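For reference, the structure I am asking about is given below.
Labels A, B, C, D and E are assigned to the chains in the order they are written; within every chain, residues are numbered from 1.
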């Protein structure tokens, strides 16, 4: 006979929910959420808790101040910028189009936090470079892949794609997977002319 | 002229000296002038050795040794000046460098 | 007249040159095999037994390679520079005594190409003129980086040549003469100190000079921890980057001939060249030179590379003072020796 | 003794050609090569005149060092940086040539009609060989009659080296670097941006973490739990208890 | 006290010096260069021998892995992960698989978790061996790389016995391992753990006390702890400066809390300290593997078959209709995890490797972001290179330990 078939209900309470690596899962008691809501009542938009992760959504203009506040507040001290990415929310919601996601980690308190802010196509996001030196390339990659301009970035240019890439930004949802045309390096359009080598070819 | 004597050395020394002098007078590049000066010093050495050989004296060779030592020292300082000149002088024109004379 | 002696020394020289070129070829094989063994691998063994035909194979390959001359290169100088360093390398071996004078067919054949009484200075002179091979090669290749690489390698060779010269002065004070023949005769005397009778090799009485000579020699031939040109080619562009085909191998082989000549020189100056416990002869010299050659390869396998400023700092700040100190000490000992006797 | 004369003339001819090469060559490097050729032949001529020591010293000092120095400078310095001593004035070139030829004629005439001959000195070939070769003979003469000139040349050479070092000292790279770093760093709070870097945090050695001497005179700190060294990094001079 | 209030700057890569003197030399090192570990190009501005500014140019190996992630099913993307950092493939797989498991809320059985830890630690040693070999080769010690690659072969043999592939292992699956562990694998790993400490001693004899190695590495590329934290460095680059942040210790995933090991920290933050830290990390990994081998249960499930997101067991697929149908849907349509976003980080040999997955409930991830450690660590190269010697650049690239596959993604 076959092995007993495993048929368990989909458990939404999984071992992942109680790790505590992101602080208390209940949004209200989380110190960061409470302090940010007090400090930036206007900019604070919503808190999302999924599995053991806490995500705070703030207004676009206040991103740099919120991150600076989280970094310098003695009780929070999120001093390690783990990651800056962007998500093209074209199919998930109407406005604003992009989400800039900042991943923070507090080395002394050993806790993570995620800050998100909505950005529309033409708008700029205050750059985090004056706060975190590590943000330099991360923001350049966001600009390169999504076209999000970070205002205040010292050297915003493409990082992964060649400088003269003129076909927009690949990680956008409306960018076709295969790209618009095969990229041919300028100057190598025509195949190389055949040069008769000095070595005599063996006769036919 | 069959027997090797000091005159041979002197003739060679004279030829080298004259060529060096002409080089110093006609060439513009300071480093080539430098080399011509070295050439003239070397010509002097040849004549010293010529006499030393003919008169079986060693003083000629000793003086040649001193000439070589001094020529080396002079080359070092000369080239140091050229290096310093090229870096500090913004312009290359020699006239400006004549302030030393005024 | 001395035509006959001239002819004999020409013949000895001819034989010596061919032996040296053969040794040079098999030095490349020796190095690759020993380096491989030190690195836990086998080394060339496909061409012939134990890969003995490898040098010939390399030679043919390099001959077949296309010899590219860069566009804005200074053609004539570009072609001559490697020849210069390749030609000067074997000349150093002319002064090294390979054995007592033989009596073949009624003619005494000195196993020594030229016994000039300024032999040691002659070797130094060759070293200092050999610098032109590097500097002209770098200049002629046309690109600015190989020029800079050439300047740095020349600066290294010149500063270590100074150390080389000064480290030999100690030996000269003891031996009293510049000619290698006299130095060798000096070393063949046996020294009796208390119970043990020692050969009067200069390594015993001049250990510091021996160490300095070895370091300077390794640096002079751009080998092992001082192989800046090789690192230059990785980093920027060494002076022989633009060279290819057989012209490149001139530089490459000149380095090996330099290594052999310096090893022979070190063996003669410090380990009493042909002087051996049982029967004196050229085989002792070969054995000692082989030890030095193994030392070169051993260094290359283990030690990482010096940085340029450390390399120059070592020469001027450490080795030079030590060499001067050694000269002073030997001078004092010599004076005290004469004074006391 | 025709052989030595023949050899002498051959060497003399090549060295004169080399010297002409120095003057005529357009590229300074080619003139340097001509100079080296000329000096090597002059050294060979010294050998003919049995001055071996001089020959070898000439090769080492002149060919080996001085000209290499000149070639160094020609390569390091941009050609249009070099100060030119006089502009393109054909008149000057012409006068130089004529003057040269005239002087040459005069001097050769004077040499050929040379009357006075000095008294032959003591150092004949045999005495030189008896003493043990040209080098030891020179050594004895140098250190007996010419002690003072040697000390003088020594002082002169010392002065020359010091002068060269002072002249050729490049503008301190560190200053340029400090300027570059201060300009390039965006916010000035960076410890390396300021001129005096903050001293490393002195760490109390009292912790009981296992401090493992790892080599090169430097310990590795092994943190057992995740909370050690998050507040204060294991930085600075660290002497285990 | 670490001074967090002050922001730390960025070193601009474009050079704007006050006096555009002719003596600056702009130099291009790479992209095809023996010691830039793949296709990295570094634009250096030199003042004689000293580096004034250094601008790494990357992107030559950019294959758009994240864009591909947005058009593949969850299970199809696993082979892509081991091609990002082709030197430490199992760690990449582990990072991605854990992130997806966190998204779906499932956990591999205990036996599978132990084997995942063993494979992750073996990969760390293999990656460090590649680093040591190339790092020493760049600085001139030729023989070390021969010895390190010889020992790495043993690890690759273990991978080959375990999952059939040496480099692109693709061994981790969502939920554990679908195939049984080869019976003689534990013995093979135990044999490696007995042999390896002797091999480490060989490398240390060659390098640690070598005066030339000390001269080339001590005091080179110093990073102060605040600067390291501010640049967001992770892994040995951060621990070399003395900051204790190791994901296995700070946020234990798998069963790292049941295993006892220590995190090595450097005290001077230069190339030599990072060398010592990585050598010690290799020893600690051996300790972890030995403890795992003792604690791993010899039998038990290897796959969390009870969860609907996981491929049903092969025997059941062949026998029961319901599982065959589930297997068919799982393979053709793929499982669809709940809606939401997840970030999970793993202590990779280069640093903290994080996967950020946004899922919109469909079987294809909406956004898949790979936080690669060497992309962030490489940012500190201009900072370290300023004022360094030209020959040090090679050592600095080596000490950051980059693999261009994961830098360019």
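One rule holds in what follows: a contact is a pair of C-beta atoms (placed from the backbone, for glycine too) under 8 Å apart; a residue touches a chain by one contact, two chains touch by 3 or more.
Everything numeric in this text was worked out from a predicted model, so none of it was measured.
Where touching is counted per the definition, the chains common to chain D and chain E are A, C. Taking chain E out in thought, with all other chains where they are, everything left is connected by touch in one piece. Among the chain pairings, B-D comes first (most C-beta pairs in contact).
When chain centres are set by their Cα atoms, the one at the greatest distance from chain C is A. For chain E, the chain with the farthest CA centroid is B.
Between chain A and chain D, the centres computed from C-alpha atoms are 58 Å apart. Distance between chain centres (mean CA atoms), chain B to chain C: 33 Å. Once the centre of each chain is set as its mean CA position, chain A and chain C turn out to be 61 Å apart.
For the pair chain B and chain D, the distance between mean C-alpha positions equals 17 Å.
Of all residues in chain E, those that touch two or more other chains are 2, 7-12, 227, 243-245, 250, 383. Of all residues in chain D, those that touch two or more other chains are 53, 57, 65, 72, 76, 78, 134, 170, 186-187, 226-227, 230-231.
In chain B, no residue reaches two or more other chains under the touch definition. By the contact rule set out at the top, the touching chain pairs are A-D, A-E, B-D, C-D, C-E, D-E.
Contacts from chain B toward chain D in the complex involve residues 1-4, 7-12, 14-16, 18-23, 25-36, 38-39, 42, 45-46, 49-53, 55-59, 61-62, 64-66, 68-77, 79-87, 89, 92, 94, 97.
Contacts from chain D toward chain A in the complex involve residues 186-187, 226-227, 230-231. Against chain B, the residues of chain D that register as touching in their complex are 1-2, 4-5, 8-9, 12, 15-16, 19-20, 22-23, 28, 31-32, 35, 38-39, 42, 45-46, 48-51, 53-54, 57-58, 61-62, 65-67, 69-70, 72-74, 76-88, 92-93, 95-97, 99-100, 103-104, 107-108, 111-112, 114, 118-125, 134, 137-138, 141-142, 145-146, 149, 153, 156-157, 159-161, 163-164, 166-168, 170-171.
The part of chain D that touches chain C in the complex is made up of residues 27, 29-30, 33, 36, 40, 52-53, 55-57, 59-60, 63-65, 68, 71-72, 75-76, 132-136. On the chain C side of its complex with chain E, the touching residues are 35, 38-41, 144-145, 148, 225, 227, 231, 234-236, 300-310.
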